[in-house]
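Have a look at this one before I ask anything.
Note that the chains are named A, B, C and D in the order they appear, and that numbering of residues resets to 1 at the start of each chain.
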Amino acid sequence: MRIAFIGLGRMGSGMARSLQRAGHELTVYNRSREKAEALGAPVAATPAEACRGCDAALTMLSDDAAVEAVVFGPDGILEAAPIHIGCSTISTAFARRLSAAHQGRYLSAPVFGRPEAAETMKLLVIPAGPAELVQRFMPVFDALGRQTFIAGTEPWQANALKLCGNFMIGSMIESFGEAYNTLRRANVDPHLFLDVMSALFGSPVYAGYGRIIADEAFDPAGFSLNLGLKDVRLVLETAFECASPMPFASVLRDRFLEAVAAGQSDRDWSAVARKR
Amino acid sequence: MRIAFIGLGRMGSGMARSLQRAGHELTVYNRSREKAEALGAPVAATPAEACRGCDAALTMLSDDAAVEAVVFGPDGILEAAPIHIGCSTISTAFARRLSAAHQGRYLSAPVFGRPEAAETMKLLVIPAGPAELVQRFMPVFDALGRQTFIAGTEPWQANALKLCGNFMIGSMIESFGEAYNTLRRANVDPHLFLDVMSALFGSPVYAGYGRIIADEAFDPAGFSLNLGLKDVRLVLETAFECASPMPFASVLRDRFLEAVAAGQSDRDWSAVARKR
Amino acid sequence: MRIAFIGLGRMGSGMARSLQRAGHELTVYNRSREKAEALGAPVAATPAEACRGCDAALTMLSDDAAVEAVVFGPDGILEAAPIHIGCSTISTAFARRLSAAHQGRYLSAPVFGRPEAAETMKLLVIPAGPAELVQRFMPVFDALGRQTFIAGTEPWQANALKLCGNFMIGSMIESFGEAYNTLRRANVDPHLFLDVMSALFGSPVYAGYGRIIADEAFDPAGFSLNLGLKDVRLVLETAFECASPMPFASVLRDRFLEAVAAGQSDRDWSAVARKR
Amino acid sequence: MRIAFIGLGRMGSGMARSLQRAGHELTVYNRSREKAEALGAPVAATPAEACRGCDAALTMLSDDAAVEAVVFGPDGILEAAPIHIGCSTISTAFARRLSAAHQGRYLSAPVFGRPEAAETMKLLVIPAGPAELVQRFMPVFDALGRQTFIAGTEPWQANALKLCGNFMIGSMIESFGEAYNTLRRANVDPHLFLDVMSALFGSPVYAGYGRIIADEAFDPAGFSLNLGLKDVRLVLETAFECASPMPFASVLRDRFLEAVAAGQSDRDWSAVARKR
């Protein structure tokens, strides 16, 4: 398919390459042109221009504001894109606004995975939106990741699912931090605890984050604490819309704010679980 | 080795059979005699009597009070057991009291795993205590589980590790509960979320608990909410000794208390994450 | 002074009458016209019309959205009002937006007090904004309440102070709830505890809310739980802007959400501390 | 009456002098003899000796362990005291143990107030126990404070009430801390906020603690953070016995633990609300 790919950060670049490898035709747009050129695809001067002749525009940007600029800003894709596939981790409220503005021509398709996974088609892809549209773009989703899960017929449901998934990881991180800090003071080596937890949970995610936290290897960030805080804030907003209390998420929010105040914003979000 | 095995609940019975299969000689004691007889080993009338001629007494009981009765009560094992191996999930403070009372002849060796794992030698075993003693009883630990992790030279360190491990599982349970409750109100099926989380974490523990919670299959209890609350209380006590704040554990405690007030005590501890 | 008074709910009506009694000339506007007519002042057909010839427009509305409609909506006051005095409890972010839109012709002046206090000039008034403007309208503030406190030279600072003040009251309410619930189960009468707390704190606010909560007299609402939840959400947003963790506020948010889920939205916000 | 007064710390000394001024006859005991001699009353060599010929022994000590030593230790008062009036802030569990051990000859009578209040008969006194006993010792309670509130017929009920009262103060302290920290970052002076809160709550306790916290005047401690942490722990234990969730108390516990880790143990407990 012909895709206008907008947003070539670390995640976006990997995803774009996965699409190219699967034979999709890309025209790309990125705020800083160099990253766009690195991809070897035609580079557009504006988001709208990237959409010319495309089947869909796919956006992979850092937050609501960045997507807002690309959709509603000057030379935005609102009218230019026949279909908009939003892969960014955005708020459920903003996803609903996008649905309304695109008048049914919008899909959310957030993804789980770090940049390495984006590069190697190992993402999990979570599309949601009108069933016919989701089916039409299955080849795109399947090219992005190792598994595709349809979250529902309303785009924002995928964003709700994505935010809750990040919340699960954030909770695991905080749990490690609390356990490690207690055990350190009990003179039990966090690495030993990690070995037991790895054997217990048998999860590469536990093994991976558990090691980063035990080693305090928070630099460079795989996913920055700033963005982690954003996602915690967003899951709490979604919970608010749903009138659903999330006390763990509330604690996480406060812990991330403490971490920001302690100057940890640009480190990996697992720095919320640092030694104290 | 000759082992006085004390405490034949669901976990204890499985562990005792594992030891028998590995060729260890057991004399058993249990408060209710029938369970003891089911094992086919000599049954003692008192804990002390079970210890006659043994290399060590192994206790697997429900809490501090039960262990206290068997150790310090009439016909207790305090003097009778040459070595005491405590596998129960007890408080770190009580583990230190046992160490002192047994004057160095005490090991803690708590285990991770459900009754099925106890039966099939799939437990994780976490011994701690004087190095020479731990080495001497390695054949016992190896016969109980699939992997043995030495937590330290002071017995209570193993209990600290065990409590923190249960805290990790409890945190995962609560996280599922919060996410499911939010997603239900967003009309996203918890089972779909579970599928994504299973793919993301790749952990049988996530898959297992995630399903129990999505299905609300809290009866019969694999591990009762009552006991879960006990363990949360104990990890908070250990954290208190260590002057280590554990805000997730604090939330868990309140959630378990709410669940108790809502009549969930005898259900599986994952009922803390029930639909609300 | 000539004041365009916009928003004649229970609080607004009392405040308007206080201004009239102090000799200020009012033109009023309210969405439902009857309340406006009850005041005996000229009634305008639109917010903008109310501003004709006035020295300032004063708004007393329920939330950001209501103020937004009156300021930026059709026939809004944005251009019509020479000065805008915002008394509503709004978000700090929206207060900054108002400042920018009014180009320095905006003051925030939120108030503390229940409707009875509004009627009897017993409010506390918290103006903030350009010093010269605050001074010019001191006769208005002094006519509204028993005491005036200038929060700063930026309007949103008054809103931050107001939200933190409501947070203090909300925290007191939750504290009563937790203490009462524990004491009820200890067979200690909440009214006895209230007597001790009244003697200890010597505060009419403790005595008043303590009694409402002990008597479970949540209907009719003096200040509805819905609005309480709104304010907790807003104080958390302000704390977020300030990167300041507020764990009590986080707990409050979850408790209000539970109360909403339990159907308490329209009762007094102290129903968050109801019997459980 | 003839009172064996045991425990002459800052609170105890003031209380003892109040009793002397009201005409009661004291024999005193204190671990360090100098403080006892300062009072001008006969000084006993042991707790038991102090009880000879007395109507009741009154204990005012720092915690469960100190009371345990004086009651159950060598030369303790268990048999020697005809009646034991426990004024210390102890756990509800230990109060029940004292009731049982004294076989009905035990009253709890904890007090609210700082050392200055103890000196000037301004305490609030909260007796509980068998009605006849409480009545018999009313002259003692009335001599200690400005008001007496009977909490119930079981001694531990008074301790539950006292712990909940300290929780109310602790919650107010934490609330101030959160609000001040947010407002400082909004460039609103905490002292201004304090003035508004003083006008709003009209409470000398708010004015007093609010000023200590705004001024960061945590030294010397009126009531040490260490003891504050103890009381938070105890109220959570009581809540646990009552199966009553207390999320604010849970937050407080974590905040006190953080403060201890930050080296604040010996400062005033309001240091939990220090600048961050």
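Following the convention adopted for this analysis, a residue touches a chain if its C-beta (ideal position, glycine included) is under 8 Å from a C-beta of that chain, and two chains touch if they have at least 3 such contacts.
Predicted model, so just to flag it, every value in this text is computed and none were measured.
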Identified repeat of the C-D interface (over half of residue pairs identical), from A-B, B-D or A-D: A-B
Between A-B and B-C, the pair joined by more C-beta contacts: A-B
Chain centre separation in whole Å, for chain C relative to chain A (CA means): 38
Distance from chain C to chain B - Cα centre to Cα centre, in angstrom: 52
Distance between the centres, which are taken as Cα means, of chain B and chain A, whole angstrom: 37
Chain C, residues touching no fewer than two other chains: 239, 243-247, 251, 254-255, 261
Overall pattern in which the protein chains touch one another (line/ring/star/complete/other): complete
Chain C-touching residues of chain D, taken from the complex the two chains share: 92, 112, 124, 126, 147, 149, 151-152, 154, 156-157, 160-161, 164-165, 167-169, 171-172, 174-176, 178-179, 181-183, 185-188, 192-193, 195-197, 199-206, 235, 238-239, 242-249, 251, 254-255
Chain D-touching residues of chain B, taken from the complex the two chains share: 233, 236, 239-240, 243-247, 250-251, 253-255, 257-258, 260-261
Complex contact set, residues of chain D against chain A: 247, 261, 276
